[in-house]
């Protein structure tokens, strides 16, 4: 496999190629514009499946790496690579993009060429973010991706689209700019932008003073927390989601939000373990607030899309919580939950979009009783809801459950319990929404004659549903590929030189061991909730 | 050994039926739907029979028989296999589920014949079977949770089967959410179990606790917590206090659904789970006591409400809650086998009751209010007679199934190792009420004068396809209890004997913990039986007096105790209470505080405020640029002075 | 007190007075004449400093040519009495006080600096009465400083060009 | 006695520029009124020639004219920027001058002369030479700013620029005089040695302060930025393009030489002045720009903000800082020039279309122009993969390298604030419906080429900046 | 003999007066005269220093300054004339079309 090492580059820039091809087409040749985009994104998806073949399950480090000099004067490299964390996020991106293309098939009628070009550029940015291993390169993709999204919301959005677009981009930029400062400071300390190199230095002697580490952690964290979005920084999200076109919402919820949590895993934890550890209680509490708060606010929304948007706040809270207990189970659960959320919420947004295509409104009270005229669509809607509310055998359950297991196993009983209330609330808001949309009597006469899902729509929904089901049943296919990486990540945290929290270190060590407790231990613990450290 | 090797087949059959019906049923004629959706449960029952045959060929050390199919979840040390297991308890439960399920499917062919969404109904029913079988056959807590949530889902779907009715949609949602609240506890219980055992499969957990010393068990610890949390799940699913509220509403669903899900199978899942977890529960006395108290109180509580209801299905629903309370009581006092036994007989007679009620409703063209019935005895004799059998069974008439099972429970409550006289009192009083409200139902429905407009309602007996299951169940309601003949009759408790491998360790542990307990004399058993019969009789007579002999008396009694009656009629205002205390405030809080104040006002206000502030600053700054050259010169001078003064100061 | 000092004081006084007059006069022509006074006073001071050539240029170019240009333009534009508008509060309340402060600061700092320097070098006076010869000056101008010198020619070219571009009547 | 021939090579670009300038002036009267455009081409040829003549400078590095001038890589780099700016601005001026009816040879001659002055500034190694160079470029630009003689705004720009410019120059000159008085010389290396030997007294330091006033004025550092918006708004747009890029680059060059070279030993004194000035510059530029509705004025404020970012790099007071300043100047030149040229194009006759609202719907009407403008705006905003980002990145990196974390934090927050108003223009172009009927004027080849080159430059510097960065570093090293 | 410092201080005073004049005056031409005053102050300083150091460089600088001043004068007056022609006023405060 001589040319395998170019796979990531090809994968990243292939959509750009598609964009250029698009630009050659006539602007009013809508049919071929759509087809070309679809073909591009499908080929991209197929290409990305090659990653699975090239991926070495037992290897916890970066794989399929590519390193080239780029800006030698600043020691910037073109360094691409994936590991168990980013592998599936790339796949998620390439999977969702064709769906986004398909769902925009008829709903986009103005500036069609530009729309699809933006979508492809966006895909490039997203794949790039997940593959970049050089901080500079990462930041580049991270920021570049904002622009197509900004245009998607601003040009093809609805309602207060300009406000939403500006809010989205300014919020995000505000977060990321401080990350840039931190990246520069890291460069000053380490002399390189290369992530694996910095990780290597950190585990072999390079020590960041505590204060510096904390500040840098906060800078990185702010960027990611806004992107996630973590509780009080989330207000851009409902606006952006609500006003964006369907494809935009799908991508936004499906992939963009994951970049925040991905960033935490990729940077915050391995680079600043001590700061991450000390900040964990605060982050976790914010995440839990996000879970409950997002759910409660989602419950009372009158706009369907806004409701789904708030569910993202809730679900991503789970992910952040899973990341910040530093437990392999929870971490894998968090990664898994990222994928789940991408597919499930993506599916929910797709349904929203289909409803919008028919009625041009997201007001819940404009609907009701849709299960009668459009049973298939509603069935898929329900399916997506169920996935989102973590019904076992569907994907959402696995992620949430793993996270909770991990959190609980790390002695954080209260956190786990509070987080678990999210599962109750998710049932409340989703089923209530479903009831108001699909059940009861039809209240608006227009709804009686709405057409059911077309073949194209069915295809989209089936694709999403199959993945939902597949992920709900065959989760080890995914988690096996994450195991090595999460262990390596926790190992990295432990070996980082400046890391001093000794007691916690042993805890991590004990958690990674999978030995079963003896009867005696169980007996000891079964009579008190204190946990003795295992030898 | 085919089925034992391939346990999944039993589950997969209904699933296949469901999928087939769901995907193709819309375009199929009814016969095809019937074939696939009733055929597959029948096949499932047949394979169950084969399973039983093979099971009895197993040797004792092969039980529980566990089959691992694939790893479902794995992450770090956490690992869950999709594993199924079969032991005696499973066999009983499987029998109930497949057999009653099959009968109700058959019944539904007739009952649902004229409904829209025929195929949907059957697809969902089959799906329910699948999940119920998963629940029962699961070999670990997480797979059980799959079934647990799955049946909840199907219950949701089926309750809101008539989704265009707001009440039905509401009821479905309520059922799902209320049980979810319990499942919240269940989930945390599983988490804690994993934390404690680093395993979630029954065998590992039970093996671990099996060797635990008995001392310290009365302390509050992880084990008690786990049990209480799991209990929360059971309480939700089995509609016990305080999470029972969904079950009466669930009667919005088609009657076969009520029969299958909300009487015979799903609601008993909680009891099954507690019984299944008996090694843990028996090591957590506090949790046991809680189970017993909840059970007894619920039994009585629901019975009192049952007295005042007018909807035939609602009465049955409260009756179900009450009977489930008995089962909990049984588990709580350590009489797991009795609980399971009652579960089984209850499945027969309560299933039957619901099916009969369905038949009545069918006959009445959809009417459910008992006060608008009466005198149906002659018009629908098959229904009447089978329902009478079931009523006798539930009331505890001697030799009927309920008589044996309920007796055993009450006896164990009174005289078992964990005996508790107060709970017994509650139980026996509930038995009285049971007989009372059940006969009230019979009398109101079938006796007296018709209270409906006979010109408009053409009462007719149900088709054979509906009656056949009634008859089968009626027979079982009688003979179903004969597994257990009281020992003083020289009988042998063969049911308990069969289940003994599952519960014996717990029973012995109970004995260990109560070393002073001695085997009660046979006479006591006889006396207890007598008391039970007398009590049931009193209940019967009460009903007879109030509704047959002096029909006006009922009204008088109701008037005389107006506040109590109102209280019962409104089900103790619990729904209202929940609405006012929990739901209302929560929604108000979410809408008016969290969303409007915190989100829009505070956070977004800050963000927009910053933007506004920037613009204000900008407006201020731009006024530096006043356009007047002299002002500009002033700035240059300012700069010059500042720089020079600063520099000179620096040099100093 | 030497003659030189007397001359210095006189010329310095004239220069300052001229500058103040420039500021205070309301007629532009008066201001211009005050400026001429300053220039002439400075020319005398240059002579006193032994820079005869510079003094000559000062009179010829500055007082002679430039100031004539000024006065010419004032006449041409018929610039009347200066209207003391006070549209810029900033200049009035901040600019002027600060400018005065600047004057004070410069004076003080230079005074202070020279006080220190005198103490150091013990000879704050003129090093010697060596008048700069025009010949040497031109040598320097054409060898060492030939580049800026040539550049000034460009500068003058630009000035001509500029005056032409800006002030030329529209040729329609 | 007389300077060697090499010295001529070392000022070859200036010679070429001046020669062409004079040629234009000489030929101009003989060119019929309708053919004045050919003068533009001649001037363009002059800039190309000057570019080519950089080669001579390159192969003959060293001091020229008894050390008044240095022909080093640093000078070469700045020369490259200012000449490129002039060339592109000339290309972008053709149509503008045509529709304003001021198509005259003098315009091009003045641009050439101004560029020559900037070139001198870039190479100056002595304060008075620098002063003369400064004046050459300043006086030319004063005139250019007022080139639309009949437009009141243009007159006003010219007047303000002239008065305040002369005022600032007087400060600079007095500072020079005081420095001379303190160190007996105006040559940078002598000043440097004198400070190294004697330390810095009040005389010297006041001199430095006053020099800072003069140069700060030219580089648009607060509080001397004050004239910028007015002048930039009033001047003819292509001239604004030159003003925003050329003199700033040249002034920064001389500032580097003065502050780093001559006053390098006093860096602890001037550092804080630069620090404060940088913060003020960024904040004033960005905040005031937020509320602008005139795009030209908005970009003027933006250029103030960018001066602030350059000052951040400047405050680093290190070799990397110098390299960052140079790189930023190059990047800034590309994007700002492009943006102003777009303004010149869209502005139309008498610059009537400068309001943000006038840009509504440009994205649909003229997608390529809008795309180009967006590129420049995104670059100014600092979006990765554009020149502006690399400039900021490098500049911040240099500052961080000297532990100026807070300065960088302020700068980065400023850049976010700044993104708001750039995006506002993008919003107008793409998200607003066109509100006025208007037919876009055709774009002619020169403007097209100029835009293409600036756009390519913006992208090139954003994606493959290493070569230019290497030059900047070499240039910074060549200072010693 | 007059100490050089006197000259320098005098130049400082004149320069300061020039600055005051610039801020104080309203007429464009007189403002410009203030600039000339400042340049003269510079010249005085150069000459004085040149004398102090016994160098000729300072005098050369004066030469350049005078030339520059002359050139500036030409351009400045041209600008003043344009303004006067187009606005019929020489008051600098009237010229405030461009602001904010």
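Things to note:
We just call them A, B, C, D and E in the order they show up, numbering each chain from 1.
Keep in mind that, in the parts below, a residue touches a chain if its C-beta (ideal position, glycine included) is under 8 Å from a C-beta of that chain, and two chains touch if they have at least 3 such contacts.
Note that the coordinates shown come from a computational prediction; the quantities given were computed from them, not determined experimentally.
More C-beta pairs touch across one of B-D and C-E than the other; that pair is C-E.
The most central chain, judged by the distance from its Cα centroid to the centroid of all protein Cα atoms shown, is A. One inter-chain figure worth recording: chain A and chain E are separated by 66 Å, centre to centre, where each centre is the mean of the chain's CA atoms.
Each chain gets a centre from the mean of its Cα atoms; for chain A and chain C, those two points are 71 Å apart. Here the spacing of chain A and chain D, counted between their Cα centres, is 44 Å.
Rounded to whole angstrom, the centroid-to-centroid distance between chain A and chain B, based on C-alpha atoms, equals 36 Å.
Listed for chain A are residues 170, each touching two or more other chains. Residue positions of chain E touching 2 or more other chains, listed in rising order: 8, 15, 18-19, 22-23, 26, 31-32, 48, 52-53, 57, 60, 64, 68, 71-72, 75, 79-80, 82, 92-93, 95-99.
Among the residues of chain C, those touching two or more other chains are numbered 87-88, 91, 95, 99, 102, 106, 109-110, 117, 144-145, 148, 152, 155, 158-159, 162, 165-166.
Contact between chains, as defined at the top, is found for A-B, A-D, B-C, B-D, B-E, C-D, C-E, D-E. Chain D makes touch with chain C in their complex at residues 1-3, 11, 18, 22, 25, 64-66, 68-69, 104, 106, 109-110, 113, 116-117, 120, 128-129, 132-133, 135-136, 139-140, 142-143, 146-147, 149-150, 158, 201-203, 206. By the touch rule above, chain C contacts chain E in their complex via residues 2, 4-5, 8, 12, 15-16, 19-20, 22-23, 25, 28, 31-32, 35, 38-39, 42, 45-46, 48-51, 53-54, 57-58, 61-62, 65-66, 69-70, 73-74, 76-77, 79, 82-85, 87-88, 91, 95-96, 99-100, 102-104, 106-107, 109-111, 114, 117-118, 124-128, 130, 132, 136-137, 140-141, 144-145, 148-149, 152, 155-156, 158-160, 162-163, 165-167.
Chain B makes touch with chain C in their complex at residues 626, 628, 630-631, 633-635, 637-638, 640-641, 644-645, 648.
Interface residues of chain C facing chain B in the complex, by the touch rule stated above, are 87-88, 90-91, 94-95, 98-99, 101-102, 105-106, 109. Within the complex formed with chain C, the chain E residues making contact are 1-10, 12-27, 29-30, 32-34, 36-37, 40, 43-44, 47-48, 50-54, 56-57, 59-60, 62-64, 66-75, 77-82, 84, 90-91, 93-94, 96.
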